[in-house]
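Each of the two complexes below includes chain A, the first together with chain B, the second together with chain C.
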Partner chain A sequence: MTGHHHARGRRGFIEQTIDGLHSAMDRAMYADRSASGRGALQQLDPRVKVAGLAALILASAMAAKLWVIAAVLLAALVLAAISYLSIWMIATRVWFATLTFTAAFAVPALFLTPGTIVYTTPGLLWTITSQGLTTAGFLILRSETAATLALVLVFTTPWMHILKALRLFRVPVVFVVILGMTCRYILLLLENAHEMFESRKSRTVGPMTRGEQRRIAIASTGALLSRTFQLSGEVYLAMQSRGFRGEVYILDDFRMQTMDWAAAIGFASLTAALVWVGR
Partner chain B sequence: MHIPDGYLSPATCAAFYAGSTPFWYVALQRVKRALHTRLVPLISLFSAFCFLIMMFNLPLPGGTTGHAVGIGLATVVLGPWAAMLAVSVALIIQALFFGDGGITAIGANCFNMAIVGSLVAYVFYRAIAGRSPIVSFRRVVAAGLAGYAAINVSALFAAIEFGVQPLFYKDASGAPLYCPYPLSVSIPAMMIGHLTIAGMAELIVSAGLVAFLQWSDPSLLKATAGNAVALEDSTRRKTRSLQPIWIGLCVLMILTPLGILATGTAWGEWMASDFASPSIRQQIADSSLHQPAPVAVPLGLEQMSQLWTAPFSRYAPPYIRSAGFGYLLSAMFGVGLVMLVCFLVVRLMRGFVVGRPRQPAV
Partner chain C sequence: MLFEVDRLTFRYEGNTALNDLSLSIPEASRVALLGANGSGKSTLLRVLDGLHFGATGGARFRGEDLSEEHFADDQWAFAFRRQVGLVFQNPDAQLFNPTVFDEVAFSPLQMRWSKADIKERVMETLDWLQIGHLKDRPPQRLSGGEKKRVALASVLVLDPAVLLLDEPTAGLDPRSQSQLIDLLVEWGGGPKSVIIATHDLDDLTDIADRCYVLDAGRLAAEGSPDDILADRELLQRTNLVHAHRHRHSSGEIHSHPHRHSEPRP
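Up next, the complex of A and B:
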């Protein structure tokens, strides 16, 4: 009875890990699909998008007024809407996850921040200060805004284009190549790990002790590590067979169109205005 | 530990981007030099692996689950510089594409975990592993502790970064603009979780996977085991370097009969019979600030001196006539005995440390 209750009441680590892997794969696939959509941002040069959205994140980080950060969030939502990204998807994927994490961090600040008392809880006599409310608002609004902007970028631009656009910030080519390869193999390893845990789950009957679970987790990680090394060897051979001798070239085939220049000017002036009023 | 956007001020973020850049630069220069090797795919694959193990929920003793970052393992396998790149790449991809950790905080997150973490892990691993063989259990312990130390020092850095925010950044009403908690709150809040849950996850993953590699492919552990590898190669040179010590020891043994030239008895090393000899009684008095020796032999000394009779009493075996030769023989016997004990202790320790026979590299 206890075992049954345990299995139903608290999900095992295998299920939790499968869920995590699944949502990461899901996110990657959704990003791939939506990045090839026909929305406004999808049509823009990736360099403009990376620089423009990064500038907006910076503007929200620099703002010392809550309403300015709210305005950046509104701008992010408008950009998402004209790029045909579902607001419901943003709410469930970003806002909810960020809120649960940041609220846990921000709520104690309501009581711990010294300042003008605006409310005292009846039983415990804990005091909430107006400064506490403001600081919690800053934390939550800023992290939600930045997460939304990051998601808008990732869901409207193919990953490889984002990485290529990093060259705009003078990121060395080798680093961009390593980032690109890592992205590609993360997806492969995600699938490997997912299959491994699924097959383990299908062979598991009844509850396991913590020790057994830990041993399985370490053994699976070890197996994945072996596969990683094996794959690394194969990739190296493949690179050599294609003539890799240490020099890295990437195709910089982005070309700025009139629309891209207009968008760049738009992002720049919006950011400048927000930074100015947010002082 | 992944600091999100909005928790640190733009100035702090900029400072950490600036602080991380020289480390990234050096790391990239080192990788560039080794580009003809298989380091590029290895770093890429390893950061993909780090990304993945951050998603594995590890059941920990006590009923909670935690996830590791993989700093300890990456450092042991790749060395500190390549590990810095691998963990940074994993953190950048997490922040950019998966929303874990802020984009403005990438510099701070990379500094705390990838840079400080790798360096701390490396120092701990090398210090604890010492010159032990690659497959020794000591290396498993060293990797575990290196991971534990790395994650905790990283967390301490993050806590300090959080804790200084309210000192500098407040709005007109006095409300903190970024992280509102002072150091007195941020340090305990961060460290309690990391000293227990996150630290343990990192410890288990680092130690477990190094043990796995010792069993499956020990050659992958060579990058950070310079001493152990050198030790195996240079055993002969080490033996030769001991030659002067052997020669010195032989000379000292030959010189031991010189001890006979010294007269008298060392202070406090008297025998029960010495108290009956008037000349030795005089020596005792002379060397004890003219305090006369007791009339009778102290009772305790008399009783205890009969408990054990040494085979080479007074460095002169009774069956050898020549006192000088007796001294030499005693010296040789003593040195041999000390060496035998040392040899046995070392053998015993090595058996304890190695644990299992060395596996051939696959």
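Up next, the complex of A and C:
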């Protein structure tokens, strides 16, 4: 029994860390593969997607009617479906997490908003008002809609294309380049951490105390920091070697095709209609 | 002379990496810098690429000092970077862009080439290295051999006159090693110069006409690949070969200095 607990404790640290790193890399790979898929949104100019999906988020934020926000959410799901994104994946990665987070604000609103009482909890006698329900509904539905649209964008567009498309909104080049490099090296850091923990796992025999777990965590963090520091020096030298002189330049060479213009008009018309009916 | 290094000493945080080193590399050379790990090969390549500057002594490229003052001048620095390219040993340090295409386009962008020229030249280079199909791939989805090729493409895109390579075949499987060597042999020759740092004696005669052997930051020897490979005492003293135990078919076990391939006839 004791041995079993120890085994679970060891698994709880090294193996769970490995699992965590593995699933983080898996998610990144999934997003990468999905963004280069053959769905409808994947074929569009990233600028149209960024502007169009941002406009839909704005329409849901401005809507004063619940059914209009629901219509935006429905539109997001249709876009996800024609881009071959799994609705189950959206539900598990976005809806549950967003609901948990938003509920922290929405639940108190149920009870604190004054208005017509629709339900009284037995025992505590707390009252839920119809205005409270509407407020909570708006909060939850708006968050879910915005998060779904953001996920649709991320899973149908390579990360660097999203960053380059941000130039449309006058985001500085240096910001775009630094975010791109950050993404690149976070994934490398994940890989390194994964290898480090796998190697640690292969050399770990027997139970491990909490103190040992802490020591391993601290030692691994130190080793990763040191490697990162060394690599950052090398990356800077490699940039210098290839002509970097402190100014950054990128090749954002997107070209609008007929389909992109049609999609842009579609997004603009849909947003205008939703804003109009949602007043 | 292409490069002249004159009594150069370079230290990393108190450790001497190059110690009073002097050597000359003529134009249109195919040079191998040989030495065990920590002998100073990588540091020398970085000095030749104007990334490190000696504490004492100096280095010159075509008669001009490789000094911090010269590199502070944009025009001089761009002209030098256009002519000399360095492929780092660790491709992850060199592949810092989000896609293969962006990676190879990085240098031409810094040189302010036109967009049309950049696109044409990048695709030409990728096709020549047979990695055109990887152009939209992020670096984390490349194999070790593909990363090395992309790192090479990111330097060759400028068509430099001098190519510096730090352990180009390290960590590659035999097939990828052989393909990379073939590419280098194809690219080099004529007025181009190739300077390769390596401790691998295989393929030496294919990649170099001249060898410099470094040991603890000093020049231990120089000569043709055949001369260097024939000097067993030198190779053993500089840790380029090692005593290796064999079991013969008779069952007898003995050891003698050994490397993993013999000089080609």
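In the analysis below, the second predicted complex is superposed on the first by the 223 of 279 C-alpha atoms of A that agree within 3 Å, B and C clash if a C-alpha of one lies under 4 Å from a C-alpha of the other, contacts with A are read in each partner's own complex, and residues count from 1 in each chain.
The criterion applied here is as follows: contacts are C-beta pairs under 8 Å (C-beta built on N, C-alpha and C of every residue); 3 or more make two chains touch, one makes a residue touch a chain.
Keep in mind the model is a prediction, meaning the values are calculated, not measured.
> Looking at A:218, would you say it contacts chain B, chain C, both, or neither? Reply first, second, both or neither.
A:218: touches chain B, not chain C.
> With both structures placed on chain A, which of the two partners, chain B or chain C, ends up touching more residues of chain A?
It is B that touches the greater number of chain A residues.
> Which partner does A:243 contact after superposing on A: first (chain B), second (chain C), both, neither?
second
> Which partner does A:32 contact after superposing on A: first (chain B), second (chain C), both, neither?
Only chain C is touched by A:32; chain B is not.
> Report for A:159: first if it touches chain B alone, second if chain C alone, otherwise both or neither.
Both partners, chain B and chain C.
> May I ask you to decide whether A:196 touches chain B, chain C, both, or neither, giving the answer as first, second, both or neither?
neither
> Does chain B (first) or chain C (second) touch A:181, or do both, or does neither?
In the superposition, A:181 contacts both chain B and chain C.
> Quick one: is A:235 in contact with chain B, with chain C, with both, or with neither? Answer first, second, both or neither.
both
> Does any part of chain A touch chain B in one structure and chain C in the other, and if so which residues?
Shared contact residues on chain A: 28, 159, 181, 183, 185, 188, 231, 235, 239, 245.
> Along chain A, where are the residues that touch chain C in the complex?
Touch list, chain A to chain C: 28-29, 32, 36, 158-160, 180-181, 183-185, 187-188, 191, 231, 234-235, 237-245, 249-251, 253.
> Where on chain C is chain A touching in the complex?
46, 49, 51, 74, 77-78, 81-82, 85-86, 88, 90, 92-99, 102, 105-107, 109-112, 115, 118-119, 136, 138-141, 154-155
> Which of the residues in chain B come into contact with chain A in the complex?
Going through chain B, the ones touching chain A are 4-7, 9-10, 13, 24, 28, 31-32, 35-36, 38, 40-49, 51-53, 55-61, 63, 65, 73, 85, 89-90, 92-93, 95-99, 102-104, 171, 173-181, 185, 204-205, 208-209, 212-213, 216-217, 220.
> Okay, in this complex, where on chain A does chain B touch?
13, 16-17, 20-21, 24, 27-28, 31, 54, 57-58, 60-62, 64-65, 94, 97-98, 101-102, 105, 108-109, 112-116, 130-136, 138-139, 141-143, 145-147, 150-151, 153-154, 159, 162, 172, 174-175, 177-179, 181-183, 185-186, 188-190, 193, 210, 213-214, 217-222, 224-226, 228-229, 231-233, 235-236, 239, 245-246
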